Amino acid sequence: MTQPVRPPADDGALVRIRGLTTVLNGKTIFDALDLDIPRGKVTAIMGPSGTGKTTLLKHITGQMRADAGSIHVNGENVAELSREQLYKLREGIGYLFQNSALLTDFDVFENVAFPLRQHTKLPEVLIRNLVLMKLQAVGLRGAARLSPNELSGGMARRVALARAIVFDPMLILYDEPFVGLDPVALNQVLKLIRTLNQSLGITSVLVAHELAAVQRIADHVLLIANGKVVAEGDPKTIADDGSPWTRQFFGGEADGPVPFQYPADDYARALGLAGAGR
Amino acid sequence: MNVRLPSRENVVTRSLAQIGNSGLFLLTLLAAVPRSMRHVRETIRQLWFVGAMSLTIIMTCGLFVGMVLMLQLYHVLSIFGGTSASGMVVALSVYRELGPVVTALLFAGRAGTAVTAEIGLMRATDQISAMEMMAVDPIAYVATPRFLAGLIAMPLLCCVFCAMAVFGGHLVGVTWLGIDNGTFWSNMTAVVDVRTDIVNGVLLKSLAFGAVVSLIAVFQGFTTPPTSEGVAYATTRTVVASSIAILALDFVLTAFLM
Amino acid sequence: MSQPRNSYAVGTGLFIVLGFAALAYLATQTSSVANVRQGDSYTLQTQFTNIGQLKERAPVKIAGVRVGQVQSITLKPGHDVADVTLSIDRQYDHIPQDSVATIFTSGLLGDQYVGIEYGSAKQVVADGGSLARTRSTQPLEQMLSKFFGAGGVVDNVGGSYTVKANFTNVGTLSVGAPVKMAGVVIGSVQSVRADPVQLNASVVLSIDKRYNAIPDDSAAAVFTSGLIGSQYVAIQPGGSPDALKDGDEMVLTQSAMQLEDLIGKFLVNGSGDKKPAGEK
């Protein structure tokens, strides 16, 4: 479970995290975490539930502040940015939420147009064309007038993706993009992620559990547990890493470094069998 | 989710903490006003939802309050022949007390809870986070427009309420109970003072109440745990806290202004 | 291509307009700023020495029937009568020139209205004309003082001096009753107390400082104004060269006439008494 040593400066990494430590509610989420997100590639971050994968994404976007350590996105230290600079940074990052997070007051078209209307003074014709282009890219141009509650889960996720790419960002963060999708929708989302990465060169970071899907599109996999990176590598070979973590996570074992039993006191004593040890 | 409190806290300290936090939140809201000037359209939209959509309940209740007040007053004043003063009493009591207070309570129940629930749900479905991600300040886009809309809507609603109440009082008093029309108006106009009753009573009080109710509604929406249970509690707390604040503030304002 | 915001703007604008209209209605129609003009009416000018509780828009009635309303009540600076403008319906245009406008009260606590009682002149009063004959209201205090004998006398705080007088019987003399000399009020009764030592009534009179030349051998008598009116103290001047000063006692007093004594005089031919105070 040793962490590989990383070179201090690496222009191939869009996101560079060094020594990240965060404690929330008394629980150590990250413990001197080091990781790199390579530029222009699809990176998958996996790990047991509750290890703070979504929290990691929030650190990258500056929504949460770390207690120690540094996060550099495209060379800029996120913690030192002013509010305006932070908002500028976020314009270059697309974020896909697990539940799509479409604004319920607006229809599909207005949802995708929202960032454009907020941050640019583009003429209406240009906004319209941009929105329709993005919707076409995700295959939902015909659904432009539907309201969010008329969309299926997969469609909503694609609309959210269209919204996330409206500024052609350099980085897209996908928070559990495959959850709750039927195989058809799953394939559609996979295709989109792959296309965005290959044709636009957008660095993609996926937080996901579905190993099969990850293996199909990820160039790089990171396994995070107990606040540290416990395994990383190519998705096809990481399952044969040999460490107990990968054995449990990718090998399908129920018990291992992530225990089956939630920490509890002595079993015999709990059952009232006095004197008996374990 | 465990709702039991640790034994150190109790209702008093919790309430004080809430009051303090909402005071700080008010500063955040006000600081965001210049930024929310970009979202004037959103403020107008909220003014529609919060103000214009409340008109039905405000006008109906205003009418009934005026009618009931006139009925009660007539009954009491006729004992010693003073029914000619009933128009004046209806106007004064509505402008100074009933108008602002009842309008504020109705507003809290109708618009305040709607705002709290809406914001709470937006938080629960990550819409607020999405806005932050899209570099839109959620306070400037969501909170301040709703706060300003409530601030603007309340005095207008109160004026409508008072007008409907006077109309209702006239309807019952003059048309039904037979008070002389000229007496009704002459006594009222002789006593109702524009500065003390209308400006201080109707406008200033309703403005203060509007600020308080909007602040509480937006604050509860933004600080509730983003679960369905949390949102339900938050809407209840909005109504309860607003009601207490309105009546306490009413006492303070009456002591100072009148 | 939708612009959903515009429909909200229109509706919101309407809402704001409605709110301001309601405010304008409240401020102008129901407050003291209100100034209503009736259609088809003409105006009459009247003057009253005391308008009492009369208000603008109060009704004007002839024979109890409403014919118009009070348009305005003003007081010109330097004048001590109020100018009241009445607005009368045009159909009632035969009001004689010598009619009387009186301020009546409807009921005991009701409000006041202007009643016009027709005179007998041939000429009618025209638009803008005036009624010369008016009757003002009776202030409540004046009415009540006629019954109870109090009030009616101005308090002369700081500008008076006090003298004592003892009476064997003060009748219904009460605090505040006037003190008169030659029928003119010069002061008032400050206090009436029973003296436990001398077993008579000790009365303190407060006399205006202007009347500081009253001889100290003047007599104080309790008289009744009219047959059954209220009682007052009358000062009958004596001839002494020294004047009454603050704190002096008037030696010569005449007590009140008792009804029983009066009846007794007629029936049993009893004698009246004029004794100096202190002697029984």
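When the chains are written out, they are named A, B and C in that same order, and each has its own residue count from 1.
Criterion: a residue touches a chain if its C-beta (ideal position, glycine included) is under 8 Å from a C-beta of that chain, and two chains touch if they have at least 3 such contacts.
The model shown is predicted, which means the values in this text are computed figures rather than measured ones.
Engineer: Can you tell me which chain is nearest the middle of the complex, judged by mean CA position?
Structural biologist: Chain nearest the centroid of all protein C-alpha atoms: B.
Engineer: Give the label of the chain whose average Cα location is farthest from that of subunit B.
Structural biologist: Ranked by distance of C-alpha centres from subunit B, the top chain is C.
Engineer: Suppose each chain is reduced to the average of its Cα coordinates; what separation in Å results between subunit B and subunit C?
Structural biologist: Their C-alpha centroids are separated by 48 Å.
Engineer: List the centre-to-centre spacing of subunit A and subunit B in whole Å, with centres computed as mean CA coordinates.
Structural biologist: Whole-Å distance between the two chain centres: 43.
Engineer: Where the centres are mean C-alpha positions, what is the separation of subunit A from subunit C, in Å?
Structural biologist: For subunit A versus subunit C, the centre distance works out to 90 Å.
Engineer: Would you mind writing out the residues of subunit C in touch with subunit B in their complex?
Structural biologist: These residues of subunit C touch subunit B: 5, 8-9, 11-12, 14-16, 18-20, 22-23, 25-27, 29-34, 36, 55-59, 66, 69-70, 106-111.
Engineer: Which part of subunit A faces subunit B closely enough to touch in the complex?
Structural biologist: 61, 63, 86-88, 90-91, 93, 95, 97-99, 101-104, 114-115, 118-119, 160, 163
Engineer: Touching subunit A in the complex: which residues of subunit B?
Structural biologist: Interface residues on the subunit B side: 121-122, 125-127, 129-136, 141.
Engineer: Taking the touch rule as given, give the residues of subunit B at its contact with subunit C in the complex, in rising order.
Structural biologist: Contacts found on subunit B: 41, 44-45, 47-48, 51-52, 55, 80-82, 84-85, 91, 95, 152-153, 155-157, 159-160, 162-163, 166, 180, 182-183, 185-194, 197-198, 202-203.
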